[in-house]
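Chain nomenclature is as follows: A, B, C and D, assigned in order of appearance, with residue numbering initiated at 1 for each chain independently.
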Amino acid sequence: MAQTISLKTECGSASDESALAKAVAGVIAAGRAAAFRHWVPATSGNFSVRIDADTIAITRSGVDKGNLQLADILIQPLAVPLLPGSSAEAELHTALYRQRPDLGAIFHVHSPAATVLSRLAAPEGRLLLTGWELQKALSGVRTHEAIVEIPVFANDQDISALSGRVDARLAEPGGDAIVAPGYLLAGHGLYAWGATEAEAARHLEALETLFEFELSYRRFTP
Amino acid sequence: MAQTISLKTECGSASDESALAKAVAGVIAAGRAAAFRHWVPATSGNFSVRIDADTIAITRSGVDKGNLQLADILIQPLAVPLLPGSSAEAELHTALYRQRPDLGAIFHVHSPAATVLSRLAAPEGRLLLTGWELQKALSGVRTHEAIVEIPVFANDQDISALSGRVDARLAEPGGDAIVAPGYLLAGHGLYAWGATEAEAARHLEALETLFEFELSYRRFTP
Amino acid sequence: MAQTISLKTECGSASDESALAKAVAGVIAAGRAAAFRHWVPATSGNFSVRIDADTIAITRSGVDKGNLQLADILIQPLAVPLLPGSSAEAELHTALYRQRPDLGAIFHVHSPAATVLSRLAAPEGRLLLTGWELQKALSGVRTHEAIVEIPVFANDQDISALSGRVDARLAEPGGDAIVAPGYLLAGHGLYAWGATEAEAARHLEALETLFEFELSYRRFTP
Amino acid sequence: MAQTISLKTECGSASDESALAKAVAGVIAAGRAAAFRHWVPATSGNFSVRIDADTIAITRSGVDKGNLQLADILIQPLAVPLLPGSSAEAELHTALYRQRPDLGAIFHVHSPAATVLSRLAAPEGRLLLTGWELQKALSGVRTHEAIVEIPVFANDQDISALSGRVDARLAEPGGDAIVAPGYLLAGHGLYAWGATEAEAARHLEALETLFEFELSYRRFTP
């Protein structure tokens, strides 16, 4: 039971208990909000919140994200292999937390506009958005005239290989576009993050809504 | 009143009362969840859960699936003709339970993406899906690269004839595709099942969501 | 205040109080259900239930259908002019109740699929549906192979003239098609009815859902 | 803290406390209703209600409109510069209240149909609607045959310049069309208003629903 959440954490002194409890509560709230929107159908999706520099709270594999219990959440140190019960995709979370110490939360969903648009944009390896005021809900975007780039990766069941490609791509400079706080896996869904749970939730909602706008708009534009 | 649910079951010693009560609760929960999604409009749809090898709990004909009462559920032995008050389509349930002892629950809905796509796919007699990560929510599917086949049958008011065609088709080998835990009736809706109520519910949500993705994707692809 | 509902009804001995209370409760429930689906936006729509051969309960003009109060409901005798506070469209209700003694409830909504499809079908003066199992939720329809005809009328601010055209059309024989328990006003919305409140609600949900199916299907068929 | 709401208002004797409390409650209710419809994603949108001739209550920048607290609402005198914590777009509210003493409430949302249609209509600088009964929910529109004009402005991060263009345009005579109680910012969203909070809410719902109808209808018409 060491990997399940308990108020008697075994993660060491670096994580105080209130940070752990706050992170677990953040995971539960994010899962419930996404389930309410039908963005995590059929136990899909996963959600993590950083506890401290070395540890995250993350959903276990195969659980209903709309009704998360304490036992559905793992306390995963970033420096060790994935704990038993982990989703294979947890590696996408841990690798990104290691690369980006500024990230406080990562949320992954199978929302409909993201999933469909990810496939349409897959051949180009990226999706470019511009002209939407809502872009400004993304950290670092100041105007609707900015070009926002969302990287799109081919889906892969080899998560280590995929994680390597994601990390390499996210380390590249963005060029003229502003790189969004999230990426798409083709035919799979959206990863979005933020410095805090609130920012990750805002980025998630902003991106899925922008994708809805874009999909609807494309039905009328050649 | 013998065919209505009662805690003093008349189904014989093979069904203990807790299995019966659990099955009835499963039917009620499945109906409510489907109604919440508007997948059983106008009293359509039907839901069954296996009690034991010989008996199922199944919704009566013409009742509101979002507010099922005990009297709306029949305890149907698999070896006898349909009880008074049954839906004609109950035969599709009983025949499938007899053929597939591994099935624990069968849910039928008139969800929009399933209903529309069933008509579009009817001429080919099957719908093929590939490239969606969510496919992996279907039992036996391990990769988005798998081809998932959903059989599509012409609708028929002669349920016995239809049931025979369904049973014959589901007994066929799947070929290169993985046959989904469900099928479509053209212009009618979706049947989905699982070993347990939870698995049937997961399959139902996964299939309808995959159909939504597919319908939306097809609007942009020739 | 004579026209507002009160448990001390002034409608005379023909309406007993329990019939009146039941009708008022039916109007309130129907309004709430439609508002929950966003089918009566911006105080649109109206709902009536028959109290007895000579009297109906009907929503007052311009009220929020999702939160109906007793004062929002008029007790309208069928033999007298519309009471103060009536919607102009109340005449479509009273005329139909007079023509059809079998009708127990009439519900009118501005639901999206009905409203859009009504305009697309307006040039032909009718909408024909076939091939949907859900058609069977309409009273008198026994098979998905039936052709269901929904009359479509040009919208008109002269409700008396419109009511006359509706009554004349509904008195015509249906030909090969089965005439639905409802009609469309082009660019306006749907009227649906039934012998009871439950049947009217079932017809309303069945028709709007059929229209959703049909609209989605037409996007893929020439 | 002078700019945050308090029952001990510092706005002077012109605003009595019950008018202030009513306006604040109106802002909170409008935000919650819009959030429920997903019209204010990712903390977008803003809502104001007039307290008296000289003062409004308006949402602070960057707050969740679905869960507004007293501290999220500013009491903004119309004659002074925007208070600290204001959204830049608050100027669109204050300028319009100064120009139109008859306005009691202004609501701004990023609803999907408005946002997408605003971009499609941007080249013409206006959107014309006709043929919808629901148009009559807009103040001053008496028939579905009326042509309703919704001005469409290019989006601009220079809110003062944008506000000037809006005020100039809204002061123009409407010509043959009836000018709607609202306007669109291209790729941004909808502003709608009314003499009271209830009227502004009705106009907002009517306009977004009309835009949904129009978008759906345009998919089938060349």
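Quick note on the criterion: a contact is a pair of C-beta atoms (placed from the backbone, for glycine too) under 8 Å apart; a residue touches a chain by one contact, two chains touch by 3 or more.
Fair warning: this is a prediction, and the values are worked out from it, not measured in the lab.
Colleague: Hopping along touching chains only, can you work out the least number of steps from chain A to chain C?
Modeller: 2
Colleague: With touch defined as above, tell me whether chain B and chain C contact each other through largely the same residue numbers, more than half shared, or through different ones.
Modeller: different
Colleague: For the identical-sequence pair chain A and chain D, what's the CA-based rotation angle in degrees, nearest 5?
Modeller: 90
Colleague: So, what's the distance in Å between the C-alpha centres of chain D and chain C?
Modeller: Roughly 33 Å separates the two chain centres.
Colleague: With chain centres defined as C-alpha means, what is the inter-centre distance between chain B and chain D in Å?
Modeller: So the centroids are 47 Å from each other.
Colleague: Specify, in ascending order, the residues of chain C that touch 2 or more different other chains.
Modeller: 219
Colleague: Select the category (line, ring, star, complete, other) that matches the graph of chains linked by touching.
Modeller: Topology of the interface graph: a ring, with each chain touching two neighbours.
Colleague: What pairs of chains are touching here?
Modeller: Contacting pairs: A-B, A-D, B-C, C-D.
Colleague: Note which residues of chain B are touching chain C in the complex, please.
Modeller: Those residues of chain B that touch chain C are 38, 41-44, 110, 112, 115-116, 119-120, 155, 157, 185-189, 215, 218-219.
Colleague: State the interface residues of chain B toward chain A in the complex, per the touch definition above.
Modeller: 131-134, 137, 142-145, 202-203, 205-206, 209, 212-213, 216-217, 219-221
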